[in-house]
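Going in written order, the chains are labelled A, B, C and D, and every chain counts its residues from 1.
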Amino acid sequence: MPRVAFLGLGAIGTPMARHLARPEHDLVIWNRTATRATEFAAQPSVQGHVRVATTPADAARDRDVVVTCLPVSSDVESLLDGPDGLLATLAPGAVLVDCTSGDPATSRRMAARLAERGVGFLDAPVSGGVSGAEQGALTVMVGGDEGVLTQVRPVIECFGKRIVHCGAIGAGDALKAVNNALLAMHIWGTAEGLAALEKAGVRSDIALDVINTSSGRSNASMNLFPERVLTRAFPRTFRLALLDKDVGIAADIAREQKIVAPLLQLTAELFRQAHRELGEEADHVEAVQVVERLADTTIGGRGDRTTKPS
Amino acid sequence: MPRVAFLGLGAIGTPMARHLARPEHDLVIWNRTATRATEFAAQPSVQGHVRVATTPADAARDRDVVVTCLPVSSDVESLLDGPDGLLATLAPGAVLVDCTSGDPATSRRMAARLAERGVGFLDAPVSGGVSGAEQGALTVMVGGDEGVLTQVRPVIECFGKRIVHCGAIGAGDALKAVNNALLAMHIWGTAEGLAALEKAGVRSDIALDVINTSSGRSNASMNLFPERVLTRAFPRTFRLALLDKDVGIAADIAREQKIVAPLLQLTAELFRQAHRELGEEADHVEAVQVVERLADTTIGGRGDRTTKPS
Amino acid sequence: MPRVAFLGLGAIGTPMARHLARPEHDLVIWNRTATRATEFAAQPSVQGHVRVATTPADAARDRDVVVTCLPVSSDVESLLDGPDGLLATLAPGAVLVDCTSGDPATSRRMAARLAERGVGFLDAPVSGGVSGAEQGALTVMVGGDEGVLTQVRPVIECFGKRIVHCGAIGAGDALKAVNNALLAMHIWGTAEGLAALEKAGVRSDIALDVINTSSGRSNASMNLFPERVLTRAFPRTFRLALLDKDVGIAADIAREQKIVAPLLQLTAELFRQAHRELGEEADHVEAVQVVERLADTTIGGRGDRTTKPS
Amino acid sequence: MPRVAFLGLGAIGTPMARHLARPEHDLVIWNRTATRATEFAAQPSVQGHVRVATTPADAARDRDVVVTCLPVSSDVESLLDGPDGLLATLAPGAVLVDCTSGDPATSRRMAARLAERGVGFLDAPVSGGVSGAEQGALTVMVGGDEGVLTQVRPVIECFGKRIVHCGAIGAGDALKAVNNALLAMHIWGTAEGLAALEKAGVRSDIALDVINTSSGRSNASMNLFPERVLTRAFPRTFRLALLDKDVGIAADIAREQKIVAPLLQLTAELFRQAHRELGEEADHVEAVQVVERLADTTIGGRGDRTTKPS
């Protein structure tokens, strides 16, 4: 049975770690803010199965698999070095499974450094959100060696329902970044379209009703706009700062691959702008408010509105 | 019972007209290429119910409702004038229901001219494609007076399952144009993303499998790419030239409404380019091939590929 | 000798009118805010030569040439109708010379209406700024009939040093709009480049010194940035709102002509945004401050800087 | 007196080397295609002063200053390693002056590696073109340590009239890239504007006459369009492939610095497209032909045109 460590108890990481907290894994956890790790280990459901490590090095000692889930690739890379770093204790044959929505270049660099020590690496970003993580039903996009994936698949299956081998190191990162760039493009583009319609006298709730049974629909128009924009709820579930980072990764891949990708590049600029304007804590859907401000209109949200049957 | 005329027997118009060919409508049809009208009237299912008119004026004589379905608004506008034009015979109290995917400015101009004669006007573009038209299950986006809509609703219900009153004259055109602009944006953006992934070593079939269960999905990624791009089938169902026109209408509305809409405007430029490069007969999804050419790659389509279970 | 009227005593119009205030012109002036006209007529240099009209109709009575210089074409169009409008008194054979930086569509519409009365029309926007106007050294871009231009050339020569016949009605507007769109693009693009350099550690004064002797130079980099941006002076000489309008006209022409013009279209979006953010009174060069804000940097402006000889 | 080596006898490099071919420099040259070096050394003007090296290592032996001028940074980086590489013979205290239009990241990497051996590095891209190089009148944009610049300044002064210290390592590259990105933007934007005007009936020669005395002028409009586009000459003086590379560097700097720079990013996409369409040998001004093709028009070039005095 593989001994497992988990580093990074964020909104997604915490429920992932819960699925790994089985006696046979002898789970060790670490988090930069230590109290979150201590609280996690004290929960009745996992109590006794989970040890809190004091450093990344401490967490990785004697582990077969180390799973990381941090905001950005450079956060993971910064855990590698120094006396407290992962490289100090990771043993040959161990595997680092990085579930961060990372960038391929950093993943390749980490993989190369780990390979020098005989340690495997997979980039393995996930999709499915908090609820997917809680249900152990994430999609996991894996880049790296298939043999390594076979080796650690039982561990990944604890939190992932769908495990997709995407290609070489960085392929998981690339696919995750492109998926999120499309999400971003659809949010912004739909906002532009609905803002134009509002100003032209077409109510956004009516417009969405039609679009969502027509060819212009997307996950953004079907879920995010009705639930979060029309209601003006804008819950904070996924930070705009992180989506900006993801779109930037996708745009960088396009540039690196010498693709002509004007829509991707422009989307990167727009989310950079929204991130700059709305700050670090804003949710990704709040980007719609930048479109609204520049259009001098509001998409839905007028309480007196009722969709008339027509 | 309203007496009805139908003008414009194209791919969508023909099945729409079939639903209107009921004895009580005393249907008169007209088409610029007369043979298509003659053939239509000779079909066993409608024989005896349908008269072929020689001119628009002839078609509109004594009609309560005239339905038009042509490529662009200016085609409809050009049918109004002259001794053979609609205005020569349309009587006060009649209504012109224009199912063309039109532009609001021309619709408003036509509505104003018809109003001078006491003739009503609705812009009423449809969505649902050929199969929706055949099943009489189109969505109809209506702009114009609600009373006029109430008056002609039984006629529209012959081909429309969902009839949505969107607002004043031009509102139906506007909504249709924005829906189609989003479709266009999603096609192009998804192509950019998949092309970048292909060059980065991620197969498009795998990428689409993941995207289509993740947040970046859209009608384009879920239907058009698997059925038409991965297969390299590119059937010709909806002309790129018409989608270019629709995106242009949406971009013009955004500009007219003084909206800052960079993604919409850029999408208009890209489809203009694709239209210019691929010509009048290309299908709208063939725009993907422009992205592929500029990326020097192909999205899917390699026959030896099988999605490995993973 | 032609009898002349001048309507629109703005920053450019006032010095233009001064050059027309010659005894032989029997100049009549009109301005929406009447006090400005009264003050103008009371100046010693023109006193006795100039009559203040109470309405556009009053100004145009018995005139051979009426010169207009207003913010936008629709301002001129709104002066045509009604009992106080120009059409009430303009006589066959007269010519309206519109020096507004107008749009071709409105100019064509006005020309057609005037032609019905036998009145000539030229669109004749000017460049050269306030100082060019004061020196009677403007460049005048003329659209319309060459015979009409020949007829009124002596009047235009009073304020224009260079009179360029550009083509049919609207050609002058089009050229002026494109010139200004290039100005706008160069301002924004240079700001982006200098902002990136500042953040990369290259001082803007040094960068401009090099660029201005290299291939990337433009009127913007050679004049506007050294005089107005590095100094942080940002004098208000030409309103951003008007430049936004001009870029929009150029973008509309490109769209109407079915040109693929992504840079022009994007520039229109950016100046729309800047106009929205900075309001009606901001100068066109203040658009640079939007770039700076979104880059979180300042282009030059640090008082302690001295270009070191190097 | 410093002993000097020069590597890279291209269009710019060759006249630069000629200025360095003085007896006191004991000049050694190297070029990948050796015949070009042999021919250079056989010229009467330099005969006897110049030795042809067989490898980069051979060229750098005993040299105080090694000047490189190659297409891209990676070309220079590839000369560093191996038994024939520069690092094999460059001695502590020597300086590598890289006049390539390079990218800051590679320059920093090379500088760091050279510093380990005690060898200095300056990025020192030049502007002024072939004629500037021939006259020894180039502008040299230098990034790196000022002390190192002082040390090698006499060598740089042989070919540079204006030597500008821009900042730390990479600053010269950054400034050169931004200058060239502005050049690219001005070429493309001016082409868009002139194409729109042509289609709207305004001749490009007339348009350029006006723009070049107005606010929209740039080096592109004043020099490149009259000399190369209106004449349809399109001489091949600076490869589009290299300008594409430069714009890409500028766009990467903007992205790295987290600048919102939509015009720069879009310009990078457009030149990538033009490079893809026109191939490796096209001149940078030929990008105009892509704009023309997508606009279905030609900018000037009709032989029967004469600018009418007006």
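Keep in mind that, in the parts below, a residue touches a chain if its C-beta (ideal position, glycine included) is under 8 Å from a C-beta of that chain, and two chains touch if they have at least 3 such contacts.
According to UniProt, the chain labels map to these proteins: A, B, C, D = 3-hydroxyisobutyrate dehydrogenase.
The model shown is predicted, which means the values in this text are computed figures rather than measured ones.
Trainee: With respect to inter-chain C-beta contacts, which pair, C-D or A-D, contains the greater number?
Mentor: C-D
Trainee: In whole angstrom, what separates the CA-based centres of subunit A and subunit D?
Mentor: The separation of the two C-alpha centroids amounts to 41 Å.
Trainee: Please report how many Å separate the Cα centroid of subunit C from that of subunit D, as a whole number.
Mentor: Using C-alpha averages as centres, the distance is 38 Å.
Trainee: Which residue numbers or ranges of subunit D touch two or more of the other chains?
Mentor: 258-262, 266, 270, 272-273, 276, 294, 296
Trainee: Looking at which chains touch, is this a line, ring, star, complete or other?
Mentor: Complete.
Trainee: Which part of subunit C faces subunit B closely enough to touch in the complex?
Mentor: 248, 251-252, 255, 258-262, 265-266, 268-270, 272-273, 276
Trainee: Tell me, which parts of subunit A touch subunit B in their complex?
Mentor: 104, 127-128, 139, 141, 162-168, 170-171, 174-175, 178-183, 185-186, 188-190, 192-197, 199-203, 206-207, 209-211, 213-221, 250, 253-254, 256-264, 266-267, 270, 291, 294-297, 308, 310
Trainee: Residues of subunit B touching subunit D in their complex?
Mentor: Touching subunit D from subunit B are residues 262, 266, 272-273, 276-277, 293-294, 296.
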